[in-house]
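Consider the two complexes below, in which chain A is the common component and chain B and chain C are the respective partners.
== the complex of A and B ==
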């Protein structure tokens, strides 16, 4: 695939515009829009069912028609992805876009050695063979902090610890030096003691390659720490986009504020405020603002869908913000 | 691993011991008297007693059993009352290879048809192709094999004349002719296994395709064909081997039926004929040999399974 030479710096690496995704009659994503600049990291935040992982899978092209219906646009490095032929999409997957799964234990094939699985993107996208490929695999494992890398190549996934497996997963996603790394809750399945290490590792590897990254997270505090910008999703819609620090310090959307109020910070006197109610089912969405039934500031106006209004730096979709 | 293997060999030996006791005792309990059978209709008390002693039938059962087992292990299986042939030759050299060829041919056919049928119906789930493949699988499972054999003879042997209807040509003497003669029997025997394999493949593949390692393989840029046939099928092999392993013993049973329908001179035919003639030494040999075969096949399947699943391979 050719890199468009013109104004590469001006075009964001990834941009979603009015992107909607429907599974049968159910709209899973509605009018999602955000941009990701080169070398930037963005966090997708929201409760389960908000559509975070769906966005991740849609970007890497693992949720495509006829399985789902797509509207709107996903542009990656100047190329429109929604209508891309499968053969061309395969050139991107694992090569220019890498994906780290939530649960590495489940995402590694139990019947193949670590080396065999790590070798796949190396042969498919880089054409490496034999000793050269093995050498590169060893380097990759070492780069994610795995000792005795040559031995680990011949290990089966079940012979490694959970943290080790996630490191392998990261090495695999980074194998071909992708421009975009998507990490779908990369630490949720791990022990607390390992979570910080793994997060640090991903950030360090991404920065070392000046790649961009999308983190799917459910923890607002963590997102504020590791991301440049944060996109808050609720029931398949974007409700707020802002630079991470500002969003955490001064959330504007009532939902973001509520999320902020539930996040636990050590050493601070605070009252945890759970959000009343639960995320509405996608088959049964309220008209107008989807958060309104759980919102303490809801008014008659909220029966109308609030537009995502931007002031140039942050955007928010709320009549009362 | 060696411990596990030794334990399996020990179990195998135990099972074989029980098979030998059972085959010895059941035939002792069966009605009919070998001595009068061997002597024919007119004999006198003297010759009866002489043969009775000669055969060792006057000695205690324990002694009879150990003598018989000792002879069996050393390959001295006695002679047939009817044809006076050496039973070891009859069973191991003549009948066993026929049955093994039939079973192997049938298994190859069943795998070659059953696996693709199962994969097809999993990938095209709930379409007419799935319906057809599932229909054929259910038909293969439900249709009695002896009747299927007769129908095949009638259609392809008698009607169309594509295959010989009866008889046997040794594949090790004339491979092409031998396979040609074995084709209809092999299809008959394979039919049930095609159904089984197709159904297990379909169900396991659907299960495996839902795992996130399949999604992960695609996220690395692997193509759909390779994902199904390498990443997914490698995992389907394990449940498939388990199920087949449990059902392989039935292949011997199926072979008996098939051999009788197609008049193949195999182990099943041998046992059937010997049972009708009350040639109890031949039946005993046949039962022991089948038992041995059954147990060996299971031992092999166990080893295969251990080898297939890396999680078992590196334990121990």
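== the complex of A and C ==
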């Protein structure tokens, strides 16, 4: 894939437009749209099954036809991604787009040392060999806060703690200086103390490179802390997009408000308000607004699908927002 | 706290060591619990918090009598738990219920939900057989599930529903103490919120004593009125939730609190490093290797828990707040 001749600074690094993804007859994502600016971080939130990981996998081409059917567009740095061949995605993955998953044990190969796994993207994308490659690997491990880095190169993943494995995965994701880092629940399996360390590390590394990041998170307060903008997903659709501070201070969509009302705030006298009912299955979605059966504001109008309306800063898909 | 009442549980300097086979020079010893002291008063709800590996689950196993302390004792109503178990194990098993983290895995997949909830009533002979279906229906209603769930099997229920069944099964034995280990972990916020509200109501309504293990300080503070913070096999601070949240006295407690994501504060990672291995506990304070306030004395003496403000116990030579009572 070619770089565009001129880096178009005003073109967002990533933009999804009317992007839909179907598995067989089931629409897993419907009309998803958002943009990610250069040097920006964006968060994807919403209950499990909303489609957050599906978006992440679709962007990096790990969910492609014929396994799924795609409609709409994903543009990365000016280039359309849908329709690329696997070979072209390989040029992006681990190179210009870095990936961090929740489960490091699944992402790291148990049979290879940390050093061997770090070496792979360094040889493949940067053509580094021998001592130069080893030196770069050591620097990378040090940059993610791993002490005695030279020794750790010879360690196997299972010899490291969960937090350390996560750091190795981050080092691999950052090995080729990606323009975009996608982190899907990178700290959900870790203690809060380690979560804070890892998120601080990711943010610091991303900012140092003026890279952009997509964080899939289930903790709203964490999203408020690490994201510039947040996309709220419900049953495969975007229901609200806004700058993180404004979104949580003044949520507009009833679903965003409801999520906020069942999140614990430390040290606050509060009574959590669970959302009635449960997330609908994708096979039997309600007609019109998908949140309607659980929404305290639903009216007759909500039998029609509300469009995602933008005021230039925030977007919301609700008739009564 | 009433001085004259005997705590439901007293943990007196409990130690638990595991021998690990690996290690070059033969087996090595891992100290999962190392001098744990804790009183659990009747009617209180106590959260055990701390990073994974701090010994929370091991302590709960001691309280449930599933494992014996190597040293020290656990008292139940002031009587040595081993004696209580020797005398009448089934009575203890009825009085102290346990809610597992893996709710689904703790249920026999071939039993219906009705059979699963009815089981403790049969085992402990709490009700005549013909009353059990009616009792099961009442319990299902109490935990917010439709009566029709009784004829279903665990795999037919959602994660949130299965956790409610686990709570109903615990209630079925009419316990005076409920213990739970990470019973709301890994759930979506809405499902977690409704389960927490249910547990809050039950504790208030039934006056049961609750011992709730959680790695989540938010959950601990929402559900419980006391918090015990564990680290490397020791309780470092205990006290009422409010006073701990407002003014943590132990540097580890403050570190945990400040690591917790907040809407109103920027991200900060106050604690460096990870919980060390309990195989080689350091001399002196076990938290010294990560403590932002460490002093030279800290690596010499192992701080004992001292009373603070009359309401708290803290095991630190240089507590962050409060008046330390004269020893």
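Rule of thumb we're sticking to: the second predicted complex is superposed on the first by the 316 of 321 C-alpha atoms of A that agree within 3 Å, B and C clash if a C-alpha of one lies under 4 Å from a C-alpha of the other, contacts with A are read in each partner's own complex, and residues count from 1 in each chain.
Here is the rule we use: contacts are C-beta pairs under 8 Å (C-beta built on N, C-alpha and C of every residue); 3 or more make two chains touch, one makes a residue touch a chain.
Remember, predicted model here, so these are calculated numbers, not experimental data.
Student: Sticking to the clash and touch definitions up top, decide whether chain B and chain C on chain A clash or fit.
Tutor: Partners fit side by side after overlay.
Student: Now for A:148: first (chain B), second (chain C), both, or neither, which partner does it touch?
Tutor: The answer is neither, since A:148 touches no partner chain.
Student: Kindly classify A:159 by the partners it touches after superposition: chain B alone (first), chain C alone (second), both, or neither?
Tutor: Touch partner of A:159: chain B, not chain C.
Student: In the overlaid three-chain picture, which partner chain does A:177 touch, first (chain B) or second (chain C), both, or neither?
Tutor: A:177: touches no partner chain.
Student: Quick one: classify A:258 as touching chain B (first), chain C (second), both or neither.
Tutor: second
Student: Quick one: is A:248 in contact with chain B, with chain C, with both, or with neither? Answer first, second, both or neither.
Tutor: Only chain C; A:248 stays clear of chain B.
Student: How many Å separate the nearest C-alpha atoms of chain B and chain C in the overlaid structures?
Tutor: 5
Student: Inside the complex, what are the residues of chain A that reach chain B?
Tutor: Those residues of chain A that touch chain B are 57, 60, 62, 90-95, 98-99, 101, 103, 106-113, 117, 120-121, 124-125, 156, 158-159, 169, 172-173, 175.
Student: Can you list the chain A residues touching chain C in their complex?
Tutor: 47-48, 161, 163-164, 191-197, 199-200, 203, 218-222, 224-226, 248, 258-259, 262-267, 270-275, 278
Student: Considering the complex alone, what residue numbers of chain B touch chain A?
Tutor: Residues of chain B touching chain A: 211-213, 215-223, 231, 234-235, 238, 308-311, 314.
Student: Can you tell me which positions in chain C touch chain A when the two form their complex?
Tutor: For chain C paired with chain A, touching residues are 51-52, 158, 160, 188-194, 196-197, 215-219, 221-222, 245-246, 255-263, 265-272, 274.
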